[in-house]
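Have a look at these structures, which come just after this line.
Consider the two complexes below, in which chain A is the common component and chain B and chain C are the respective partners.
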Partner chain A sequence: MFTSRLTLLWLLALPLCVFTAFFLIPLGVVFVASLTTQDGQFTLSQYGRVLLDGYHWQVIAVTFRLAILSTIICIVLGYPLAWYLVRIVKWRSWRRACVIMLILPLFTSNIVRSFGWMVLLGRTGLVNDALLGAGLIERPIRFLGTETGILIGLVYILLPFTVLTIGNALARVEPSLEHASRDLGAGPLRTFCSITFPLTMHGVMAGGIIVFSMAISAYVTPALLSGGKVTVLAMLAFQQYSTVFDFNYGGALSITLLTFTMALIGISSWMTRIGVHEKKGN
Partner chain B sequence: MWNKVLMSTAAALVGLSHAAHAQTTPQSITVAYYGGNWGEAFDACVAQPFTKATGIKVVAEIGNSTTTLSKLQQQTGEAVIDVAYMDGGISEIAEAAGVLAPIDLEKLSNAAALQPQAIYKNGDHAFAVSAGYYSLGLIYNTSEVSDVPQSWEELWNESYAGAVAIPSPNNSAGVPFVIFLAGAFGDKSETMDATFAKLKALDTGLLYDTSGAASNAFQSNEVVIGAHFNVGAWDLIDAGLPIGFTVPKEGVWATDARMHIVKGTKNADAAAEFIDTALTAEAASCLAERLYLGPAVTGVTLSPDVEKKLPWGAGGSIESLHLFDWSDVNTKRPAVTDRWNREIAN
Partner chain C sequence: MTLLAIQDVSKSFSSHRALDRVSLDVMQGEFISLLGPSGCGKTTLLRVIGGFMSADGGRVIIDGQDVSSLPPERRPLNTVFQNYALFPHMTVLENVSYGPRRAGASRKEAEVRAHEALEMVGLAAMAPRSPRAMSGGQQQRVALARAIVNKPKLLLLDEPLSALDLQLRKRMQIELKQLQVQLGITFIFVTHDQDEAMAMSDRIAVMSAGRIEQIDEPETIYRRPKTRFVADFIGEANIVPMQKDGRSLARDAAFDGVLRPENLRVFTRAESLPDGWLSLPATVSASTYVGGTSNIYMVSGDRSLHARSYGVLPGDIREGVEIIAGFDPADIHILEG
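Showing the complex of A and B:
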């Protein structure tokens, strides 16, 4: 027992050190900065400055709107894609090719992919050229510098995460449960809603949480696709650190973003748990 | 026997003097400068001639001005970087942060050639010398803008609505550009209300953070007119794109890359010698040819083609640049940035 505990401690030591050095300490520094003045005195005024100002609430609303919409769209698009990969594709090599195609963009930097979208969504980009050519629009639609443009970029970058987690959950669903439901007279839709979807809920939740947390903290994609005309909280915090050099106010913005994100993720997992319990209770 | 003793004593003395020499003349110095074509130019125009003349190698520490400043603040007491290149604005912040050593101009043989504007003093000591100037001029797409724009007012021309690019406060030129426009349009108020109202009415396509983003937008025709650095603009023109760059009648705002000796450096003499090499006419003309950086020293002769690409444009000089007092800009920075966020980036 003693030896195994010691081994466990040794095994944990390295990740624990890395976690402390590269996550806890920097986060602690940001947290302390957010609670102090430039002279090092304790103050809550930075939070007052952030939370008592309508402008910041407007930025928080834009940030959360983009993150929530990205999550919903990624799940709505990711579920059928995962279904196609797991349930429909019979040919193994094709499935493998599809998974590679899905994962491959993740090997490219966010900056490159966002620049790609800038070329596609621009005033004279491929999308506008195609729409103009087809006679669907008279003048180019403005995508860059709008929330729509940022949303397109975020969904493209984050979609693989939902497909992978939902696909994994779908593959684990016992086919006999669905067969039993059909045998008992339920149609395909009822079977999906009452059996398949609830059984894949943990995959949907996991994918949703990954997408949401990445979208809410995204900096590169919003910064490039906003053209400086839409502001999200991560951009505002970065600006304070990189150009205004107000680390205290920047720290308060960062901690506010973190707190709101954790709260929302907490609420959503709590609601899912309650939902599952109620289902079980029924 | 005596011969042997003498020989070994002599050998020991030679060894000692070598050791002493090694202490004063380092094998290498670390210089912080920018990446990309700027870094390549600093390496070719300054670092390599310096190594050739002194035998001291130059280790490049690549990063932009703000990153370099952060590094200097982290290494106080144990200086790893000996010489640091930083832009105007960040230079003043570094001096205020106490990470710079005074530069003894009398020790530099080429300091006499420096333009008076190119020496930055805090009280009685110099903390920075200019490595060359660049400006934020008016750039336009020659296939969409037929006549050469004469004034900054052209940005508000209805025909270019939605296709204008200007720097945001996240770019080092953003805040000074707002202050420059206020001066150009005769807005003397402290709050610059009229200038902000005018900027709010400007239908922009891009408020850029990085110079690269601006170049990219002009290249892809996303924007057709705006403010851009002379260095970036001429790169596009040299690449054969239909782009023009001009100095409008109100002038242009300009700043410079500056050299600093880091406080606590163990290689102060070599650091000073490095700066002295950078102040030669050869180094300045090399940087002018490669980056169109306006020389901060006199006695530099350039071809007419390079002359017209300098920050002051054809026929201009350092006097035609609007060089700002950065302490003033830095004081206004938080307020201007905040107001920009609320009124323009929304």
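Showing the complex of A and C:
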């Protein structure tokens, strides 16, 4: 037992060092900076600047709206895709090909992908051309510089995460459980709602949290697809760091984003747990 | 009254014929076992009856209604699954009340009925627990309660006892049989364990390679097997070459006579053979004594023989000893064809 405990300590030492050096210390630096003035005095004025300004609240609202919508869309699109991959595809090589196609966009640079979407979503881009050609619209839709455009870009990058986590959860649901539900008189829809979906909830939650945290902190996609017309919190923070060089104000913006994000994730997982508890209760 | 009629049901998986024109009639209140080695098609047949798998051809008729094209939720039967298939995210009570809820009962009514079913299997106190925190035997009972709560006409059981240890399995066999008699539900019980099938069934359908080899009462299956497969699969069998009339031994194996080990006896001298008995000279190759029964394994020409008797063997029957294996021709059963 001693040896294993000692070994465990050694094994943990390296990741712990890396975590401290590259994650906790920078975060601490940002946090301290957000609480000080340029000359090192303690102050809360940076947060005052962030939270007392209506403009910032507007940016926070846009940021969260984009992140929540992309999370919902990724789950709604990801579930059927995962279902197709796990339940419908029988041929192994085709399933592998689908998974590769799904994660292929992740191999390219974020910037290249976003430029790709700029080309596709432009006034004379492929999407508008196709819609015009099909006679579905009369005038080109403006995607660039709108939240819709950013949403399309975000969903495109983040969809694989929900498909993979939900697919993994779906593959673990034993078919005999669904058979048992059908056997007890539940139709396919009722079986999905009462058995399959609750049993894949952890995959949905995991995928949702990944997508949400990546969408809320996304910089490149919103920056490129917004055309300067839509601003998210990460863009504001980046401006402060790279253009204005106000590390204190930038730090306060970053910590604000982090706090709101943690709060939302905390609330949603707490609500899920309450939901599970209530079900157990009766 | 026929409750379940299976008519010419076939099912293939690519090139493998899992069911080959199977027909079977099951009476109301009967306990039927589908018995056979793995891959014989018994589980496939159960899935076709349950509606989890569609047959390539043939019909399944329950209580006069052709259910061949109905989905599982619309068939008047329930199933106890091999791995129990209890819903892990629900309590025991929720698991058992799931059926009544789907049948349209109110939550309260469903819970009352679930409690009744749980009481029947002796688990009423476990209702608020999670099935994941229960032993295999308890999960088995929950699965049983969940399957009988809707009072189906027909209960399908897919090797429900195979995951339990021997002691518990013996006890559950008795309880299951009692429950079946008490409820009057028709049971179709899939198993590969011949003792289990013998102990519980009214009739046994012995299956092999997608066909029903024989369907009869346990005693008939044991005493008068129709085929060599049934003779070998149920209990142990000595195959002895016989004349067609079953009265004398044949030189060339014209007909296979099935002789159970308990009907074969060992004599040291030809004079002690009772009148009318037939005998084969043999050499003892091994002998064992297990819990009250003795087994003697012999070689006679190119065939091996097995005799079983109660009590301890005489000391002079040892390995390598020449003896005479004798039997009463009345105990031998001639296989047809």
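In this section, the second predicted complex is superposed on the first by the 281 of 282 C-alpha atoms of A that agree within 3 Å, B and C clash if a C-alpha of one lies under 4 Å from a C-alpha of the other, contacts with A are read in each partner's own complex, and residues count from 1 in each chain.
Just so it is clear, contacts are C-beta pairs under 8 Å (C-beta built on N, C-alpha and C of every residue); 3 or more make two chains touch, one makes a residue touch a chain.
All figures in this text were calculated on a predicted structure; none of them were measured in a lab.
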| item | value |
| --- | --- |
| When chain B and chain C are modelled together on chain A, clash or fit | fit |
| Partner chain(s) touched by A:R96 [first = chain B, second = chain C, both, neither] | neither |
| Partner chain in contact with A:D183 - chain B first, chain C second, else both or neither | second |
| If touched residues of chain A are counted for chain B and for chain C, the larger one | B |
| Partner chain(s) touched by A:G122 [first = chain B, second = chain C, both, neither] | first |
| Which superposed partner A:G227 touches (first chain B, second chain C, both, neither) | first |
| Partner chain in contact with A:E174 - chain B first, chain C second, else both or neither | second |
| Touching partner for A:G145 - first (chain B), second (chain C), both, neither | first |
| Contacts of A:R65 with chain B and chain C, given as first, second, both or neither | neither |
| First (chain B), second (chain C), both or neither touched by A:I195 | second |
| Arrangement angle, chain B at one end, chain C at the other, chain A at the vertex (C-alpha, nearest 10°) | 150 |
| Nearest-approach distance, in Å, of chain C Cα atoms to those of chain B in the combined model | 47 |
| Chain B-touching residues of chain A, taken from the complex the two chains share | 55, 58, 115, 118-119, 122-125, 142, 144-145, 223-224, 227-231, 236, 238-239, 242-246 |
| Contact set on chain A toward chain C in their complex | 174, 176-177, 179-188, 190, 194-195, 198-199, 276, 279-280 |
| Sites on chain B touched by chain A in the complex | 66, 93, 162-163, 168-170, 172, 174, 204-209, 213, 216, 220-222, 333-334, 337, 341-342, 345-346 |
| Chain A-touching residues of chain C, taken from the complex the two chains share | 50-52, 71-73, 77-79, 81-83, 85-91, 98-99, 102-103, 146-147, 150 |
